[in-house]
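Right after this note come the structures.
The same chain A turns up in both complexes below, where it pairs with chain B and then with chain C.
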Partner chain A sequence: MSDLAVKPIDEVTPQVSGPPKAADALEARLAALDLPRDGFAVAARVDALARLRAMGLPAPRDEYWRYTDPRPFNAPEAQALPIVGGPESPLFAARDTLTLVFVDGVFDAAASDDPALDGVEITSLADAGAGHWAEDLYGTLEAAGQSPVRRPFAVLNTAAARDGLLIRVTGTPSKPVHVLHRRGTDAADAVWHHVIRVEAGAELTLLESGTIGARSNGVIEADLAPGAKLHHIAAKRANDPKVGLSHLFARVLDEASLKSFTLAVNGRQMRHEAVIDMVGDDAVAHVAAAVMGDGHVGPFHHDDTVFITHAGLRGESRQVFKKVLRNGATGVFQGKILVKQGAQKTDGYQISQALLLDEASQFLAKPELEIYADDVKCSHGSTTGAIDDEALFYLRSRGVPRDRAIVFLVLSFLADALAEVEDESLRDEINERLDAWLTDQPLN
Partner chain B sequence: MLNINNLHVKLEDEDKAILKGLTLEVPAGEVHAIMGPNGSGKSTLSYVLSGRDGYVVTEGEATLDGASLLDMDPEVRAAAGLFLAFQYPVEIPGVGNMTFLRTAVNAQRKARGEAELTAGEFLKVVRAKAADLQISPDMLKRPVNVGFSGGEKKRNEILQMAMLEPRMCIMDETDSGLDVDAMRLVADGVNALRSPDRSFLVITHYQRLLDHIKPDVVHILSNGRIIKSGGPELALEVEENGYGDLLAEAG
Partner chain C sequence: MTEATDLDVREGVDRETVEAVQNMGSYKYGWNTEIEMDYAPKGVNEDIVRLISAKNKEPEWMTEWRLEAYRRWVTMTEPKWAMLNYPVIDYQDQYYYARPKSMEEKPKSLDEVDPKLLATYDKLGIPLREQMILAGVEGAENAPAEGRKVAVDAVFDSVSLGTTFQDELAKAGVIFCSISEAIREHPELVKKYLGTVVPQSDNYFATLNSAVFSDGSFVYIPPGVKCPMELSTYFRINAENTGQFERTLIIADKGASVSYLEGCTAPKRDTTQLHAAVVELVILEDAEIKYSTVQNWFPGDENGKGGIYNFVTKRADCREARAKVMWTQVETGSAITWKYPSCILRGDESQGEFYSIAIANNWQQADTGTKMVHLGKNTRSRIVSKGISAGQAQNTYRGLVSMHPRATNSRNYTQCDSLLIGDKCGAHTVPYIEVKNNSSRVEHEATTSKVDDDQLFYCRSRGMDEEEAVALVVNGFCREVLQALPMEFAMEAQALVAISLEGSVG
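On to the complex of A and B.
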């Protein structure tokens, strides 16, 4: 523990780097938050606050925010956004999982399963005291992920998160850990921060589902020891208007494997950043997303921003991002593969594709490769297309009605992303849910 | 059953006429073959009959059992009993062959006011018919036509036809890409479906398929028109002499 830990937050002098107005905006943002001032990981929080004051909040003109407007996340207060539609049973609800409920980002022990499970130790962040094992990790992967690109909202999260899960995986738990989100109030501004440490050879499946806050800021820091495996699947409730930011910071050591899949259906403005550092040799990291946005349900803007760094030998990374957009929906993909010097035999793959169901929708993609090793195999591609008329005719000529045929073709388009969900029954459940959503809201 | 009268068709995107007054009648229970040089309009005819976009009918009509086909959506034509075995079957990744076929069968049944097949009923039928066509259970599970060889795709078309039990079957070069044994399988499949109230329009370049599927009438299509119709001997004549004399005769 650094002795910074004892320095109360109020005594940290703001280091203003930007113009005074920007600093004022940040102070207004901070003033609206109830920052934790003691207890678990206070040193990391103090450090985060200092880092945030040094870097400031993003402005719309920042290169990294060129395609996504940061202002809804900069505003001190969350805008109230009532959920729409009737009740919907969350994904994974029928499975045998260790379900841990969060209401507006706050762990609800009474509504949750008993967190005792062989092979995994779980504490809520709010319950963790100083000296908890996760203090050494909290904020460190996030801080490491600030270079070469700044991610101020993750820093803000480290400073401000009051709750989350601290998960240490020591074996292979018999069932997935399932974070089930619920919304308490319409203007909920939910902030949570999970720290996951998967020990050598251990394995965890982490599921996320349910209704998140009108505004949310979630961070996961995942540290994978040699040979560890983490399967992460995030599938929040469809259709709710929300502005949401999420960050996944991961460090992947030798022969460890991280597979993360996100499903998003409608919403308002979301940005998911995955920052993965493949430090060890023979490490594996797959990130994928299936996204469907219909501007008719409400404004839709979904941004996936990925940064994968290969530092070890023979690393394998895959990025598979698919977005189905219509009625003025916007999809964004910024994806980078950085292969450091010495990361020989790297196998990096990246594909981002959009299916535009009309001309009012758009897909903005910025794929990047930066390679400093000479013996690597890296490829990236990005496409934007419409429904394939020939396939549509083929299906209809067999008697499949047009609406149903389009559902088939949308599922067909998303299939490569879903294939990244390793567990077949989870994959089938997601596919069935997608099918049901598409059938309920015919894509004309 | 199928009546095509003075059909004129041009492309939607360019001012190019492809069918130029095509007249053809296929009575119930009969098998008619269409032969003709490349580019004469055979596939276009099959697409226009089944409702593909991109073509404009400028004159003439086509009816199935007296009902005008040309204003119907493709799925409505299918439910009315029309089926096209594609010259180039389409691959659809991520959609299971079985899911697709069951959806198609039940959509047609529903459109006709018939009870839908349960998963179990469907499975039983499809397995038996697939076995007849030597389509493996593994192929049934795969996505529609993905990774199928050319010949497998054609057999899969015939499986769909057997499952959908259409009354008017149009087959566009189903024999191309089939090996000798597969050709026999496909022909057996077709012959098993022959019945007094089902008709076939078989587009082919080769006499061989017609050895297995005996046509009642053979038509020669050239430059968007039927230039000659006759019995099975017409196919033999084409096989031996090509189209030269026939085209010259037609002027």
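On to the complex of A and C.
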């Protein structure tokens, strides 16, 4: 990727093949950004800008944007979305974590813990200079994840991100690293880019919580060496209006394991993409999400787009996506398992389910398999339906009030996704929070 | 099927399977009938469209309809979203009209048809004589003793040779004839329904078909009539470098029902050939159409040379309440298959079913599936798709299940299973599921597996060789779809399944 001679960004000539209008839209989008021009990973940024100009921004008719409108992300400026509702203590706040605070995507060292911790080396991207270990990695997994489907906003992120964390895990730190987001201004357009390298046999738990920008674009590139483990749990504050994109690009080597779980409760328009390349043998990757959207709290559109590639032998992947939708909320799932030729003994599993609590909500799914090896076990399932009347009747006949019975049924519907959180205490904390939310905002 | 009297058929093994395995030589229908043909000049333009229309002695409104489609087509681009890789098609390097010379003056009955042409169908095993046929295939012991009748419309390259049992069908009020004849004889029906399910502008291939379709079948079943026999069209591409563009229109009026069978073959040739058909089904209140296809166009040789490029638009419109359609397809042929028989479930309580076996061997590529569009209340659909890949082939299921907000209390069940034989082939599943109301229930399941070693071991331990064992296991894998076929088709299909997998083992 970095074969490209390093040129100042201004000298890179735009190469847009699309109609001039689309090129103008991209240039307007770029003009509104303050692109970094030197320092850390400038070669990767120059390369990203050239790639972005070659591919352009997505159009509403792009197949990969069939179910989600890209226009809020295409617009040069973020729309102001004031936070509603009172304060809520962020998840994981009571735990012993290494907390690192980001305000509108910018690392706030003063508000954060001292990043010194045994087994992990952390630098903020803004502070990293040329020659930093992450320079060779920055943008490479993102660039590798552009085929066969282009993901222009991740490219934009590589070109534009000014901050983020560069985390190198060499052992097993005594506590999780916790990224706590805060919103500074109502129209914050937050862009951050984390690079995580988990060395052989090392293990990290990465938590994300808090309130992200009115518009956000976050990228995580995670490189897992043989035997490495990464647990990633993202649970942003409920009900904050936001339009957000996130991309997780991961490369998983032999016997390494990646487990990523997202919890989302309301929030306007979100799209999470996970692009996982299981290159090593015996690699493991689990991606899961529990999502609840209520159109009465605000417009709700939540999109999970997952692309898992099995290239090694005996890989195991799981995708578990559960969405509870009501009052005109929309849930989207686009998931793909690609098994390359030679990736024998792959075990790929994918389930996407929606619970629609009323007539106005919808679930749009495209669960795909693309398989080029014969000795594999791959399956996917997708179901959509309403609350099971018989289960409800059973609970009521046992004396459970209707509201409570629905909470039970919703929690049990989400349980399979939560089960993907390996740490029991974290799982319990998320479950309690879900229960509290459901009780505060009765579903019926 | 050749006689298999000297075969040692073991207990517990289907005779058909054994015969099929024995028969594994090559594509059975690859011969060519030497016959003098009339061609229109190569290529497509407004003059060719007018010429086709004139050859079919069409009224002016039909010519205009075609021209409208043609003008639309030149503004369109070929779709590229399917998982299919094929060289660029030169649409100007095809013949759009080919007719046996002897058919210049349309024969009044099949007795006047050139015996060479009739022999072609005889060789294919298609009964064009109005004889009582006993289900065509051995082992059809469940057929009624007096035999079953099947009326056949035989389409040879661009023209229909003739249709059997027309008199008997006419007594029941059923119209079964070639579409060119229907345009002349029943313009009011054609005008009312043609293009109402697949509009001229529907997609690239359907639009091309609308402009240049040369023949095809037309069926009208009047209200309350249960068609007294099964109807069948047999398509044969014979001429070289010729595209076949047939158009089928079937209307089941209120309370009517019909079972329709379609078969296709083509000679073996080194060059690829284009086939772009359109099938429209209109199903009114309480009516039912069962449409079964065994598609066995020449798939190309074992090195991927030649074969038919098959781009087909098939759609059923369950236009009124309680209309019912059932698509069953066995797709074993064609180098390229692009085909999505669909159901528009517009009427309340209407039902759509899709049963499919798609087999791709050697270098074949199939991208096929269905669309179930639920618009009416209490509508139901069921999809069972079995994809089998072998050799270097790629097989994709692509489907849509859409529940519109108004389609309350509807149901869909989808099952897509893929079987891989060998480690050089691919099996892919691309379902779209769009649910816009909550009283409907949608379930989708898909699995991918290989031929189970335990099952193979069991068969081998019973003395079968590997190819026999695989054929048996694959037939088991397909049984839900095979069971949905009319019996004589099921027999043929079962044999085809085995033949299509020839050379895929070991």
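We take it that the second predicted complex is superposed on the first by the 438 of 444 C-alpha atoms of A that agree within 3 Å, B and C clash if a C-alpha of one lies under 4 Å from a C-alpha of the other, contacts with A are read in each partner's own complex, and residues count from 1 in each chain.
Methods note: a contact is a pair of C-beta atoms (placed from the backbone, for glycine too) under 8 Å apart; a residue touches a chain by one contact, two chains touch by 3 or more.
Keep in mind the model is a prediction, meaning the values are calculated, not measured.
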item: First, second, both or neither for A:V149, with chain B first and chain C second; value: neither
item: Partner chain in contact with A:R396 - chain B first, chain C second, else both or neither; value: first
item: Partner chain in contact with A:A22 - chain B first, chain C second, else both or neither; value: neither
item: Which superposed partner A:A415 touches (first chain B, second chain C, both, neither); value: first
item: Which superposed partner A:M55 touches (first chain B, second chain C, both, neither); value: neither
item: Broader residue contact with chain A after superposition on the shared chain, chain B or chain C; value: C
item: Touched partner set for A:L33, first chain B, second chain C, both or neither; value: neither
item: First, second, both or neither for A:R404, with chain B first and chain C second; value: first
item: Residue ranges of chain B in contact with chain A within the complex; value: 50-54, 73-75, 77-79, 83-84, 86, 89-90, 92-95, 100-101, 103-105, 107-108, 111, 143, 160, 164
item: Residue ranges of chain C in contact with chain A within the complex; value: 81, 83, 403, 405, 408, 418, 420-450
item: Residues of chain A touching chain B in the complex; value: 389-391, 393-402, 404-405, 408-409, 411-416, 418
item: Of all residues in chain A, those that touch chain C in their complex; value: 63, 341-342, 344, 354, 356-386
